[in-house]
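Right after this note come the structures.
Below are two complexes that have subunit A in common, paired first with subunit B and then with subunit C.
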Partner chain A sequence: MAAVVVLAIVGLLPLCLMVGSSLWVDGSLSSRNYVEVLGNARTWILFRNSLVLATLTTAVAGLAGVSLGILVARTDLPFSSSIAVVFSLPLLFPPYILAVGWFEILGRGGILARWIPIGETTSRWLFGLPGAVLVLGSAFLPIVLLLTITYLRGMNPSLEQAARLSAGWPAVLRRITIPLITPGILLSLVLVFLLSMGEFGAPAFLRIDVFPVASFTQSSAFYNFGAATAAAMPLIAVVLAGLLMIQRILHGRAYSFRWGGQSTLERIPLGRKKPIVLLAVVVLAAILVGVPLAGVLWRGSSVAALSDALQRAGESAIRSFVYAGLSATFLSVLGFFVAYLVYRRSVAGWWSVDALALFLFTLPGTVLGIGLIALWNHPSTNWIYATPAMLMIGFVAQYAALSSRIVLAGFSQMSPSLEEAAEVAGAGWFRRVFGILTPLVRPALLASWAVTFVFCLRDVALPLLLASPGRDTLTARTMTLMANGSSELIAALCLLAVLLALLPLGAIGIAWRLWRTPA
Partner chain B sequence: MSAIELQKVWKTYGGRSVVSHLSFRIEKGERVTIHGPSGSGKTTVLRMLAGFLAPDEGVVLIGGQEVAANGKIHVGPEHRNLGMVFQDLALWPHLTVYQNLEFALKAQGLTADVRRQRIGEVLARVRLDEFSGTYPARLSGGQQQRVAIARALVAQPLALLMDEPLSNLDDDLKDELCTHLLDLHAQLGFTLVYVTHSKEEMRKIGNRAILLKDAKGVSV
Partner chain C sequence: MGQEGSQQLAAGFPVARRTVNRSCWIVLSLAALVGCGTGRPNAVTVYVSEDQIFSESILKDFKRETGIKVNAVFDTEEAKSTGVMNRLLAEKNNPQADVYWANEPVRADVLRQQGISTPYKPVSAAEIPDRFKDQQGYWTGFSARARLLVVNKAASIKPASALAYVDPKTKGKGVIANPLFGTTTAQMAALFTLWGDEKGKQFLAGLKNNKVKLSTSNGESADFVASGEFEFALVDSDDAVDRVRHGKPLEIVYPDQGEGEVGVLILPNAVALIRGGPNAENGKKLIEYLVSKETERKLAFADCAQIPLHPGVATPKEIKPIEQTKTMNVNYADLGAKLQAIQPILKEWVGY
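Up next, the complex of A and B:
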């Protein structure tokens, strides 16, 4: 129950207060903010821009992600695990790093412009819709890729084998496999759409006029929270529509195709096309991941740039690490109890807790940040607002869905009779939870910690809005320095952010392997 | 010419022999049960016949044609002209009963009229003609079983492979479906290869049994 209260305080309350305060103008109830914002033609231009960007990003990420997912999970493509890891890398750091990387390649002073005099054209292309779609498409592609792989690997192999008895692989994929994993694909597409709609960092760097950037400007530059809330309303409406769609996708299906068996799926032989397909995949990985990271590395890896970055943002990097670590720990604990509640359906309205967590996850960080400011920015609560706890509250609200969903996946692998057996043996709730359930879902808890750590580390909007002065994070510091910092410094800061995400995850991966390997 | 033949087939998993030097022949129209305890390699034999696995050594022949030999599959499952009923039935949940049956016929390139006629006949035989527009999840266990049999038979296969299809049903339903299967066999005359660990099903369904023990077919 405490988990529900925490989620309501950190997530629901700020949103309610935010809506309430947007309707309270000069001491009376008024719709002035809404009339002004929604009656303004620019609002709808921004909304259209956001919709177009999110739609194109979803199309690119969806097409590439599903194709790659099928290639990785179902064919005999060599190095498939490594390919999945490479394409998933952009999920580990904020999308603006890819934008900075492309800027070093395609910008006016970029690598390409040194050889071919087309810097003006490529720069215009990058700082426009095509560039934003390329950056966000490759940043969110891993979501589609990983969900496609997960759904494909969860499929009952005999469903495909039954079809293989009468048809070749193309027909089996078209008529059986892909329709069966359609809920997973649609779920990933809705998530990518919502995350693209709410993305702040990359569009801000690429100077794309979209809703989250405008919403952020309203709140941080003009301190007009009422107008910022009103401006956020179309985004909230889109998120709610998206969540309703997810609800329909996941629960509107009358069939189930998943199973818990051990038999491995037959790999589709690529035959003579294998080298060509591998080459195409490697080239795509190079374009979407390798080139922008190489751009950052090329510009920012000099000793001077790195030492400058460390000098100007070293403390921010440490704070990022600490805040993300503490938030991930709290999120894993909260996620455990929210997942337990959903798994056991132990309180009435358990689904609303899950829905609230998902709503907060898909809500743009700028909107959530404004809500949290509206709630906590008062003299009586300044003891929280003026501390790093504020930012961690934001992280908890935004990413509770991630931790709860991951731990829930762990719970769903377990038979309910395991806890029931302990109950029959006379174990109380405390012993059942900490003596039986916690050890069994330990891998899921570790995964939850690692994933939420990365998401807190890569967040841009919440640190920009919520980090107290002098206690910013690396992402917030980088975004601030982008206004007047040198290209070398910005690239070095991006490199630092990449290392900050990769090093602890690498350490966790090695520790996990050592722990799992029998002596 | 035998409908199905295995010649000195050998299959190992992780260094353990699941099937070793197994040879047998099944003639056209025969009802053969493959019987043995858990882990004796029954399902592996069936999966090698279907084309999902290749024998490490030995030869598999279907209709006199070599379809797999010595670690290689020469003829894929879709070209072996076999029907199969899986242990978990594997009915496609997103397709109606009619569409489940239509899949194989579409792959054969038959016209819509021929498909309709063929599906109508088979559904009538399994007494499910009124359920053609129903999704599998809305059918009872026995009805789902009959859809799986109808789907396996609709393409008029050379042989019907069944992998412990009745193991999850209650005794009354098992009896009913056994009788129904024997009726269908009498009407259509297909070759039946039926894997089971139940001696009762072995006696009822087969007119011949292959007993698998210690990875070998010790008795025919």
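Up next, the complex of A and C:
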């Protein structure tokens, strides 16, 4: 129950307060904020922009992610694990880093413009819808890719094996494999759509007028919480619709997939097309991941730029690391109990806890941040508001769904009889949870920690709104230094963010391998 | 099974104990983290609208010279000069800041009107002309920027006035930063003050009719002009000087310098002490430091090339000393009031 209370306090309460205070104008109940904002044509233009951007991003990420997922998980494509890792790299850092990378390539003074005089055209293309779709598409492609791989590996192989007796691979893929993983694909597409709708950093860098930027401006430039809340309502409606869709998609089969089951699945032979397919995948990886990262590396890897970045943002980088680490630890603990609650279905309305976590995950950070400020910005709660705890509360609210879902996947691979047997043997709840369940779901807890750590590390909107004075994060500092900061410095800061995510995850990966290797 | 199960549970119990120990450490770490945010006596909190890239080094120098830790909040490009000021407004009943370093005095005066700042007359600013200071001491100006025209060297026209924006001959050739943000808001407030509301509205309508492009910032305006995409723009002197120093094909024009013309709008940085801030004494020390001749010298020869307001402080070669410039005769307090009055007009004009 404590987990439910925590989630309600950090997530639900600020949203309720936000909606309540937006309806309270000049000491009386009023719909003025809503009439002004929702009656403004610009609101709907921005909403349309966001819808178009999210739809195109979902289409690009979906098409590429599903195709790559099938290639990686089900065919005999060489280096498939490495390919999956390379395409997943953008998930480790904020999307605006890809935007900065592309800016170094396609901007007016970019690398391409040095060779071919088309800087004006490419810059206009980048600072527009096509550029935003490219950046967000490659940033969110890993979500589709990883969920496709996960669902493919969790399939029951006997269905395919039976179908193979009478049909070739193309027909089996079309009629058996893809329909079986359709819930996973749809789930990933809905997630990408919602995350694209709520993305702030990359559209802000690319000067795209979208809803989250407008919501941030309403709160940050006008500091009109009521108007900002009203401006967020269409987004909240979209999130709720997406959430309902996810619940329908996942109904009854949400947690049936398992990890690491690929050994029993037959690989589809690519035959003579293998080199061509490999080449195409490598080229795609180079375009979507290699080129923007090379742009950042090219501009920001000089000793002077890196030294400047470290000097200006070294402390922010350490803070990012600490905040993300502490938040991930707390999230893993919270995720464990939320997952346990959902797994055991021991409390009436367990599904609403899961739904709330997912709702908060898909809610734009700007909206959540505004709600948290409205709740905590009072003298009586200054001991929270004026400290980094405020930011960590935001992280916990935003990413509880990630940790709970990952731990839940761990629970789903475990037989409930273990806990039941312990209960019959007289073990108390405390013993069962910490002595039996925790060690059994340790891999899931570790995965939960790593994933939430990365998401907290890469977050932009929450640190911009919630970081206390003098305690900003690397992402927030990069955004504020963009005002008249040199492109070398910005690229070096982005490089620092990439390293900050890669180094600990690399260490975890190595530790994991060593731990799994038999003595 | 029962005995075996009990043994397993007994073996598992140390795990539970370790987990509890770890949880204690986490809770203690969080408590330490929460605790580190409050009760810091030798610190000062400053909200800064001046670009971080320029202001941060000054704040670091202050820390080095005084030993007082500076906790700063900076604005993003998008919300430039409005984000932190509005955060101050929101925190009126729960102030977190001691000092507000504004990049122009208009919004600093809004804080006075809203009862968020408190008077303090720094001794170091005694030689700064009175017109750049609030008479009651609610804010003090230092290190100014001028609102200048940048014109592409290959431009077909050579504008010499802000009115060039509404000249039919320049249709589609001018670019200006979004007037809802930053110093362009102050420019609009100044023009509305000098011309009156009717002429101000006509000017805004003229901008639309003349297809003036709206950019996100003065820096972007200067870049548009440097790249030849547009021929001229009204920008801050630091944006202009920065591009010229980087060899961009730009000319700097001091607008409206002729007889009977309104002159150049000068926008000093402004610093204000926040009422009820947690470390007011340190706030006063920071204010004394910011308005000193030494800080003005540093800001003049930094990349922002700001204009010193103290007499006798040298200026870089790209900018004219304040004494040699015809400046707009405006009262910044009036601009503050005007800014608030015209905000609905500007919002409607931009389409917010």
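Assume the second predicted complex is superposed on the first by the 507 of 519 C-alpha atoms of A that agree within 3 Å, B and C clash if a C-alpha of one lies under 4 Å from a C-alpha of the other, contacts with A are read in each partner's own complex, and residues count from 1 in each chain.
By definition in this document, a contact is a pair of C-beta atoms (placed from the backbone, for glycine too) under 8 Å apart; a residue touches a chain by one contact, two chains touch by 3 or more.
None of the values given here were measured: they were computed from a predicted structure.
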{"item": "Which of subunit B and subunit C A:A409 touches, first, second, both or neither", "value": "neither"}
{"item": "Touching partner for A:L446 - first (subunit B), second (subunit C), both, neither", "value": "neither"}
{"item": "Subunit B versus subunit C as contact partner of A:N156, first or second or both or neither", "value": "first"}
{"item": "Partner chain(s) touched by A:A422 [first = subunit B, second = subunit C, both, neither]", "value": "second"}
{"item": "First, second, both or neither for A:M482, with subunit B first and subunit C second", "value": "second"}
{"item": "Touching partner for A:L180 - first (subunit B), second (subunit C), both, neither", "value": "first"}
{"item": "Partner chain in contact with A:L13 - subunit B first, subunit C second, else both or neither", "value": "neither"}
{"item": "Larger contact residue set on subunit A - subunit B or subunit C", "value": "C"}
{"item": "Touch list for subunit A against partner subunit B, complex", "value": "156, 158-159, 161-168, 171, 175-176, 179-180, 254-257, 259, 266"}
{"item": "Interface residues, subunit A side, partner subunit C - complex", "value": "40-42, 108, 120, 204, 207, 213, 216-217, 220-223, 225, 312, 322, 326, 329-330, 333, 373, 377-379, 382-389, 392, 421-422, 424-427, 430-431, 433-436, 438-439, 464, 468-472, 477, 479-485, 489"}
{"item": "Residues of subunit C defined as touching subunit A within the complex", "value": "1-2, 5-6, 8-9, 12-13, 15-16, 19-20, 23, 26, 29-30, 33-38, 43, 45-47, 51-54, 56, 69-80, 82-83, 86-87, 89-91, 93-94, 96-97, 180-181, 216-217, 219, 223, 227, 229, 238-239, 242, 303-304, 351-352"}
{"item": "Subunit B to subunit A touching residues, read off their complex", "value": "50-52, 76-78, 80, 82-84, 86-88, 90-94, 103-104, 106-108, 135-138, 151, 155"}
